[in-house]
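In the two assemblies presented below, subunit A is common to both, partnered first by subunit B and then by subunit C.
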Partner chain A sequence: MKKWKSYFLVLSLSVTAIFTGCSNQEVPSAAEGKQPAAEQEGPVEIDFWYALGGHNGEVLEGLVKKFNDSQDEVEVKAAYQGDYYENHSKVLAAVAAGNQPDVTMVEIGVIAAFADAKVLADLAPYTQGDEEKYIPGLMKNSYWNDKLVAVPFNRSTPLLYLNREMLEKAGLDPKGPKTWEELQQYSKALTKQEGGKTVTYGFSTPIDIWFYEALVFQSGGNILSEDGKSLAINSPEGKAPLEFWNGMIKEGIMKAPPGEKYNAWDVAKQDFINEQVGMIFTSTGDLKGLKDNAKFNVGAAFLPANKDYGVPTGGANLVMLAKSSEEEKKAAWKFMKWITETEQTIPWSLETGYMPVTQEAVDSDEMKAADPNFRVALDQLQYAKPRPMVPGYKELQEVIMTEIQRNVLGQATPDEALSAAAEKAQKLLKK
Partner chain B sequence: MWKEIALRRYQSRSQVVPQKSGQLLEKSRPYLYVAPALAFFTLFFFYPIAYMVYLSFYDWSLLDLSAMEWVGLENFHALFTDADFYQVLSNTFVFTVFTVSLGMGIAFFLALWLNHRAKIYGIVQAAIFTPHIISLVSIAMLWLWLMDPQYGLLNAILESFGLPPYSWLADTKSALASLILVSVWKVVGYNTLVFIAGLQSIPKYLYEAAALDRSPAWKTLWKITIPMLSPTLFFLLIINTISSFQVFDTINIMTQGGPVNSTNMLVFYIYEQGMDFYNGGIASAASVVLLLLVALLTLFHFLVLSKKVHYR
Partner chain C sequence: MHRLAAYPLKIVERILLIVVTLVFVFPFLWMMLTAFKTLPEVFRFPPTFLPEIWDFSNFMKAWESGPFLRFVFNSFIVAVGVLILQFLTAVPAAYAFARYRFPGRNLLFGITLIALMIPPQVIFLPIYVQMSGWGLVNTLWSLILPYGASAFGIFLLRQSFMQVPDEVIEAARLDQASEWKIMWKIMVPIAKPVLVTFGLFSFIYHWNDYFWPLIMTNSDAVRTLPMGIAMLKASEGGKIWNVIMAGNVILVFPILIIFFFAQRHIIRAFIYQSK
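Here is the complex of A and B:
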């Protein structure tokens, strides 16, 4: 008897294992079938995945809670998924598995890749022209093949941050340098050495694609050609930023912060707060954090001009996933519309330093009364250009970043680095 | 007499089992026993591996699974004509060689030193084993701070001895060495513990005999300890090689493969291609290369080294 029991047990176990294996694919559809029944009873539940940690994440969670409390038709479940790129990876995996969120944040340089693969829903049927409320300068990374696929949310531009007191002590204009030449002069004046060791650098910036884009724009150039089929930086405009940086590093007045990607950004910000660097480039999104942590008067200014001012915009847009059901999409838009409304975008901007996204907010008394630093990014917007909109840009930006770092570390001349980048880009952009 | 009775009893009992169904069961029994495990392996190992090989012949991305396109060996061609991939391979090899040799070498001498039964040795053992039980992610974050060129503890120590600061992760020449240091630190504790277990299973009489023959210490080490420890050495060699081939967390947190690809290694490369650059085909092809390399290395170890392993 005992033997039979054990055979049976083994058999049933293996059969169960096989069946659970087979029925895996049917699980989502069964769940989908059940959902509408549940939805009729209570509010529509939508998933919102976001990519902001720390203080900014808390502010966002607060807004979501306010939305949920303000009405009972839509219940937003917000979930933090790591930084932008971790969030993208998770969204991708979820899309393939069929359990994607309904709304998520996508970094603006990657919108094209998501849109090109038809992952994003066309928003026009839901917005019904409502998108006109947004600042036109922030809408340049929102369209793909003439379809509206994203709305601006936490948007930024790079800013030049100044330690005003340090500048004043050195007898410099606390408004900061206006041109590349002045930036170099200011950096030289701020750099201090003690016993053959530099204790204070005038200027620091991560050798990051975003700032490189800015300097190329300032030199009158572009990252990609008009048709988006080739790289345009193998040119005097693409070379100028590298020569500018190399010159300042050689002179010992600029620090290239060590570390990769956002590690380098953290080092630059830390140096600035510790007054080991007088001026840095970083995002508008850091305004609040730097002001709170610095023991000195923090100033913000336009990035200095070469031929002209120029910056890329940055940050993330909100998108809706194409795979969601019609009901979820309607609920999703309600949330997207609400959180980008003037009443929400003003406190969002003041709490985080990201730009308000509606024209109405920009013209509001509250924004006008705010710390003038908050307005710098808005005023700079007239010189802003979109980030390149091609599906392969994420990979391309890594290629460019690797090559310009190779140059800044002294392993390649500017010409070698840029022609290597152009060659690799040729392959990528053909896809 | 007793034997006979026992035998008779045994025979009579075995006759009780019904013959026909019994034979069938007898034959299928082993298969039934392995079935659950086999189902598990098929579902989570064989099927994914087969599917990965299949995917490596397609141009596809997670973004849009409906747009899969058969490209034959194009992905492999792209990999092996890309200079970056060769750097990734060479980084992986350098990393593996140094992590394994240093990780095992240091652990071996630590084990010889700690192979005593006093309390103080127990405390030291526990201390060096601790890194093994801490999550690698936390370890990586910790070392990232220690290695900060400006505020880090390591450079502060160097400076207090009047030495010039080291660039650690900031320079292409030192970044890979820094990652090796972290991995060695992590793996030494585990290796030491396994070595100590191996050392303690070596019979004492061998050492007593050597002592009687007045064999010098190095000769005892060479002729007794190492041969008797060879199964442990072999086990650790294979485990360490495979795990350092698959290094990911430290790279992901500390360097992201940089500066300028100097710490980019196979698994991180696969992740980057598949998840960040949406090149599923390239990622699958690189995974096939990784699988083959690990398989070949392990096979090499078994064919060449297993003859030298002394099993008791």
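Here is the complex of A and C:
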């Protein structure tokens, strides 16, 4: 319920921010002491709003402290602002009021909406080609109208997690299934019933837009038409994932975890740890948590292929706010550049499970020496596709998710669900 | 005959009460028990009911994860500050709505009721911009001032003020008591159970509120307890449920204490309301 509210909020906010954002443009923010640049002495202070709680948040705070201690020109004030969605709404509200941060994290599926609202600064004048260092597979959600508006930071991608021991015991290849058919066969072999009740399911995945996108890509399809003006999933490629999931659920070998949004993810992970399911889809970001809590050998593999392999990427990018002063922007870039450098991205990756963002880091000995599961995500990047980059996708992804869930719950046929989504998409994409 | 029929009914009533109580108490109990478990035990299936090893360190971990003492202090200032302001605005407003006839009374009361129906999520943006204009964003004021008047409080108090017999007020007026005195010395004491109930509702709401502090504050110095607890939650990766639940126990503890002491008044207020 709460989550739902915040989606609605972001939705309504983006609209308001576009209006108020424009009219407020020239009014200097009197309130939140942004002094004229010239008179300032000492380090330039910049605000950095982030959306990572728990362990990952602590690692991030540690990096910020290291940056502040390493030089005396820029002082970064980092502040936790809730989850991605809460941070998004806060940033938009702050932009409207004129006390926005200078750097923040934006979830990659929402970057287009932010860029379209003219909230983000063009980074090219500051990076001056430095963006070459990033892994190309992670840059696909960084451009808007050919302008560089974001750099990769805490990035993830979906993986197939395997209970290796369970697979071995069932006489299956512990490397895991490579295709949809194999996934189905493996799931069947792993599913166990006791007294007419399923005690172990072969496979489980949250019915989430992220995994649906992956399966559409694997089927050779796309979420949006090429011009970005209509939904492309009302097609055989869009239907294939639903039929695949429905078939496995009907066969009793796949469990669709209950719960809204991230709650379903938690259920899937918990079932995996408790060995009630043998294989799950979840994020690279879960690698460490699952390894620490599982009593068995946790393996990771590519998401199985239909026509081909395919995954979206996820997580958040770093952006600079357009309303910051020139001096703040320069300082902001200094920080953004530093925290995404190979030297920082390696420990960041090793401690959080997010992917390192520079090519140099991927080729480094440290990353090569890391857990082989870790490499899987990096190797899979060659099949990565960007998440749809249109402003309306922020809301549209919720629409699609609702419809595919309706289908999986048996409340609508795949055709009904997808054409309902396509119809609603017409309005959202016209904006 | 009558008594015989009543007896089984009593038993059914008791059983129903016990079932409903269990439904409400169980999540609390589960939170408490989880707060004492080790992480592997939290994830175990089938779940254990009582912790096998009582792990008290979760509370220290939660407490040390941020400036919790500061959060607790801020939460108190905000919840109490809001309560005082609401009390000062709701009593005169309710008294006027209940006891005076003036043009536009019904319209004004209707507007007040509308305020009751609008969730803060809808109106936070203009308030945020206003607070920002006054330079109050990221201060405790931005958490207190916007909640200075409570439509719910006005509504609740008006209902109870209306039930005070006219004779009481007329008698007071004959004794030359000022309106001010009637309001504070006669009406308020009569409405005490309702005031306590309202106070508790308001306190709990602002003590638990996550949304408003999230929007209005940017630094730990002015943040409240629910923000501290949200920070325990990782967005991706494993969630440390035992520590999160320990944080939640810390969060609800003051409310349980207050409820314990105010219980008598609350029950009276609700019986009174339903008459």
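Rule of thumb we're sticking to: the second predicted complex is superposed on the first by the 393 of 431 C-alpha atoms of A that agree within 3 Å, B and C clash if a C-alpha of one lies under 4 Å from a C-alpha of the other, contacts with A are read in each partner's own complex, and residues count from 1 in each chain.
Rule of thumb we're sticking to: a residue touches a chain if its C-beta (ideal position, glycine included) is under 8 Å from a C-beta of that chain, and two chains touch if they have at least 3 such contacts.
Values in this document were obtained by computation on a predicted structure and should not be read as measured data.
Touch criterion met: A:Gln270 reaches subunit B and subunit C at once. Contacts of A:Ala93 after superposition on the shared chain: both subunit B and subunit C are touched.
When the two structures are aligned on the shared chain, A:Phe114 is found in touch with subunit B, with no touch to subunit C.
With both structures placed on the common chain, the touch criterion links A:Ser156 to subunit C but leaves subunit B unconnected. Touching more residues of subunit A than its counterpart among subunit B and subunit C is C. By the document's definition of touching, of the two partners only subunit B reaches A:Arg406; subunit C does not. Residue contacts after overlaying the shared chain place A:Ala79 against subunit C, while subunit B stays out of touching range. Once the two complexes are laid over each other on the shared chain, residue contacts for A:Glu398 go to subunit B alone; subunit C is not touched. Legend: residue contacts after superposition of the two complexes on their common chain; A:Ala369 is shown touching neither subunit B nor subunit C. Once the two complexes are laid over each other on the shared chain, residue contacts for A:Ala51 go to subunit C alone; subunit B is not touched. The intersection of subunit A residues touching subunit B with those touching subunit C, taken from the two complexes, comprises 13, 89, 93, 96, 270, 276. Considering their complex, residues 5, 8-9, 12-13, 16, 20, 29-32, 47, 49, 51-57, 77, 79-84, 86, 89-90, 93-94, 96-99, 156, 266, 269-270, 273-276, 283, 285-286, 288-290, 292-293, 315, 352-353 of subunit A touch subunit C.
Those residues of subunit B lying in contact with subunit A across their complex are 25, 29, 32-33, 35-36, 39-40, 43, 61-65, 67, 144, 148-151, 167-172, 255-261, 272, 275-279. Remark: subunit A residues 7, 10-11, 13-14, 17-18, 21, 85, 88-89, 92-93, 95-96, 113-114, 116-119, 258-261, 263, 267, 270-271, 276, 391-392, 394-395, 398, 402, 405-406, 409, 411 touch subunit B in the complex. Within the complex, the subunit C residues that touch subunit A are 39-40, 43-45, 119, 121-122, 124-125, 128-129, 131-135, 137-138, 214-215, 218-219, 227, 230-240.
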